[in-house]
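The letters A, B, C and D name the chains in turn, as written, and every chain counts its residues from 1.
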Amino acid sequence: MDAKEIIARRVARELRDNTLVNLGIGLPTLVARYVPEGMLVAFQSENGIIGFGARPPEGMEDPNLTDAGGGFISALPGAFAFDSATSFALIRGGHLDMTVLGGLQVDAKGRLANWKVPGRMVAGMGGAMDLVAGAKRVVVAMQHAAKGEAKIVPELTLPPTAARPVSLVVTDLAVIEPTADGLVLRERAPGVAVEEILAATAAPLILPDTIPEMPL
Amino acid sequence: MRRKALTPAEAAALVPDGASVMIGGFLGVGSPRRVIDALVARGAKGLTVIGNDTGRPDLGIGKLVSAGCVAKVIVSHIGTNPVTQQKMLAGEMEVDLVPQGTLAERIRAGGAGLGGVLTPTGLGTSVAEGKQVVTVDGRDFLLETPLRADVALLHCYEADYYANLTYRLTAQNFNPVMAMAADIVIAEPDEVVPIGVIPPDHVRTPGILVTHLVERPQ
Amino acid sequence: MDAKEIIARRVARELRDNTLVNLGIGLPTLVARYVPEGMLVAFQSENGIIGFGARPPEGMEDPNLTDAGGGFISALPGAFAFDSATSFALIRGGHLDMTVLGGLQVDAKGRLANWKVPGRMVAGMGGAMDLVAGAKRVVVAMQHAAKGEAKIVPELTLPPTAARPVSLVVTDLAVIEPTADGLVLRERAPGVAVEEILAATAAPLILPDTIPEMPL
Amino acid sequence: MRRKALTPAEAAALVPDGASVMIGGFLGVGSPRRVIDALVARGAKGLTVIGNDTGRPDLGIGKLVSAGCVAKVIVSHIGTNPVTQQKMLAGEMEVDLVPQGTLAERIRAGGAGLGGVLTPTGLGTSVAEGKQVVTVDGRDFLLETPLRADVALLHCYEADYYANLTYRLTAQNFNPVMAMAADIVIAEPDEVVPIGVIPPDHVRTPGILVTHLVERPQ
């Protein structure tokens, strides 16, 4: 199982029945593949649809039906299409049970940075700032480190996406929960030792008595 | 008002060089492609473009960026267009980044006669710089001000000859709010139908907001 | 021709081709009867429709299609139905070319009062405050006096509907235009002398050299 | 979520005495008549009702006023209901009057997570009393704050069993904004249809906002 699959499978465990969930573009979209059997989750794509499904068969794509990354999707029975003002009224208004976002950095206070690397890469925040400000739960899905550099850091060195802390961070090595006391190491990836996680993490981690392996 | 449908070139001629222009679409989906192509063909210059993103170099608003028509963009995302990044870093084009939900509300406020809205989005980030923070019931919010433009360029699914519009699935996005927030509003439909064919409950943008209608694709 | 018909016919002369117009409930709704031949005016009813027509024949009414006074109406070809937020976005946003409202008082500054008589009658402002704040032109259609009491007064004694002055006042006796210098008497009703108007008006009126009869 | 349809009496039982309740409708058009009748039958007490108007003594919200279910109303108009006027003057019921467009925006803000909106409406009138005036680009606006409620009672035309809703003509009015601004949202449809029958572009309120669905009229 590669790093992305580990992350996506573990994040999928955070899904709950009868909820509305937004998946950011990139890694987070993989989560939709691992919805637990029998569970009904409505996915929102912030470009304007709730209740979308997989890419249609070749030749049956509709240029007016895409996800937020521009990929073709299908509409499930009971889908709802809407404009951008409505989309973000749903997001900002607290009607979204969970959002899953990619991350460049998370710091000891649980703050996320994911839209800009000054002087190098400016993606823009897109919907991320609204999602972090408004969703009931914010789950960050990201690789634990990038090119050997820790992404979980004492203090953000990149521009923050919001002042509000995220709810949970899921990486290929660990599940980490930001709390008022600091970052708590909740779970290890299969076969990963706590020492390995500590070595790959620049921020201090609080270690509970038991740190089980992730259920995947 | 009954409206004669214009060619894309006639529509592009209504957009002055240097104008502020709202353009519907999300990564090109729901963008008025024929009018954008006509603007490129005309060699429009110095536009300030307000939209969700700058598409890709050959897609959506990106076509205008690549062709050098654009002096400034006000968008939420430029990550899919390296040409935008290059022009921004080279100082050839100004980029104003606005959170997507805030962009939608600012345009809506511009069209709805509101002086602004208070949003929690952007608090504690660079988006808050220079903006007024207003406290309501003990919670802080950013005051975000209205956006309007000289011209709005919309894509729609159907239009009738009053220019009542419908949109289709995810091609709706910013088009309905932009229809209310510009002095000249040009709609590019996939299909034009007789007046009375679109049920009143299915119209999404009323013709009274639309000043010009583009003909259906030939 | 009775007082109401005079007022409605004269207000109808203010209609322009290809415009969007809101008619307040009561007297203003009568204006729709006198749209000049060949002119296309779209009427908005703030409860949620643009492009409505007359009451349908007996038995063909729809309980979901009414005007702001609750009366049955019909939908013309090309009509648009919408919710209250959209309705007032159109009104407040300056998309309405003209509104015609009833009035209790208008003062020398052109300010309107039309929603409350303290201690006696509280109707509520309904949409009137938004209409006066947002419409491009505000025309007041009212009887010149009520029970012998002047309704055009030096200063409002009733609670104002807005700080913004109205554009024109049309009564059964006169057409009066609020200006920066004060109220200007523009027209007389057929057969009505200037002296009669002055006697029925408590506010000072500016009298131009010629004060023609209203065209009806 | 698939939702079992409730009887009007079951729906009325979800509205606690003393609750704040948004009720859709304009002079009773687009009001949930069966749930209102069930609230009257139940003898609900002490409600704060937010709506456009108080209807007539035997129509719309007026039925609740006449039956003594209401402690306070937040509405734009009471001119068509003499019972409201009497109860207000007798001090039996509190009446908070809000301009109609401001009411719609305050409810929308409550559902959209905005801390408030700036409007020119009400400046220089009694509506401005006690409110903050904010100046944007040299123009004054009133700061109007969000409205939310414990319960929203909606009327709709069609619902499917996800509780996706459509509205009909002028019966739409306040229902869509209220659907976003309450903790419990109860929709009373004229017709219930299978999931998948309402096209995605025709849904006006998504089922994820609606917590309870009332059965179709028997």
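To be clear about the criterion, a contact is a pair of C-beta atoms (placed from the backbone, for glycine too) under 8 Å apart; a residue touches a chain by one contact, two chains touch by 3 or more.
For clarity, every value in this text was computed on a predicted model and none was experimentally measured.
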Tell me which chain's centre, taken as the mean of its C-alpha atoms, is farthest from chain A. C
So, in whole Å, the Cα centroid of chain B is separated from that of chain C by 35
CA centre of chain B versus CA centre of chain D: separation in Å? 32
Distance from the mean Cα position of chain D to that of chain C, given in whole angstrom: 28
Do you know which chain C residues sit against two or more other chains? 49, 75, 81-82, 88-89, 91-92, 133-134
Numbers and ranges of chain B residues touching at least 2 other chains: 105, 108, 112-114, 119-120, 167-169, 172, 200-201
Building nodes from the protein chains and edges from chain pairs that touch, which of line, ring, star, complete or other describes the result? other
Check the chains against each other and report every pair that touches. A-B, A-D, B-C, B-D, C-D
Considering only the defined contacts, which chain D positions touch chain B in the complex? 105, 109, 112-120, 132, 134, 136-137, 139, 141, 143, 145-146, 166-169, 172, 200-202
The chain B residues in contact with chain C across the complex are 1-2, 108, 111-114, 160, 162, 164, 180, 195-196, 198, 200-201, 203, 206-209
Which bits of chain D are touching chain C when the two form their complex? 26-30, 52-53, 75-80, 85, 88, 95, 97, 99-105, 107-108, 119-127, 157, 167-177, 204
Mind listing the chain C positions that touch chain B in their complex? 18, 20, 40, 42, 49-51, 75, 77-82, 88-95, 133-134
Quick check: in the complex, which residue numbers of chain C touch chain D? 45-49, 62-70, 75, 81-85, 87-89, 91-92, 121-130, 133-134, 159-164
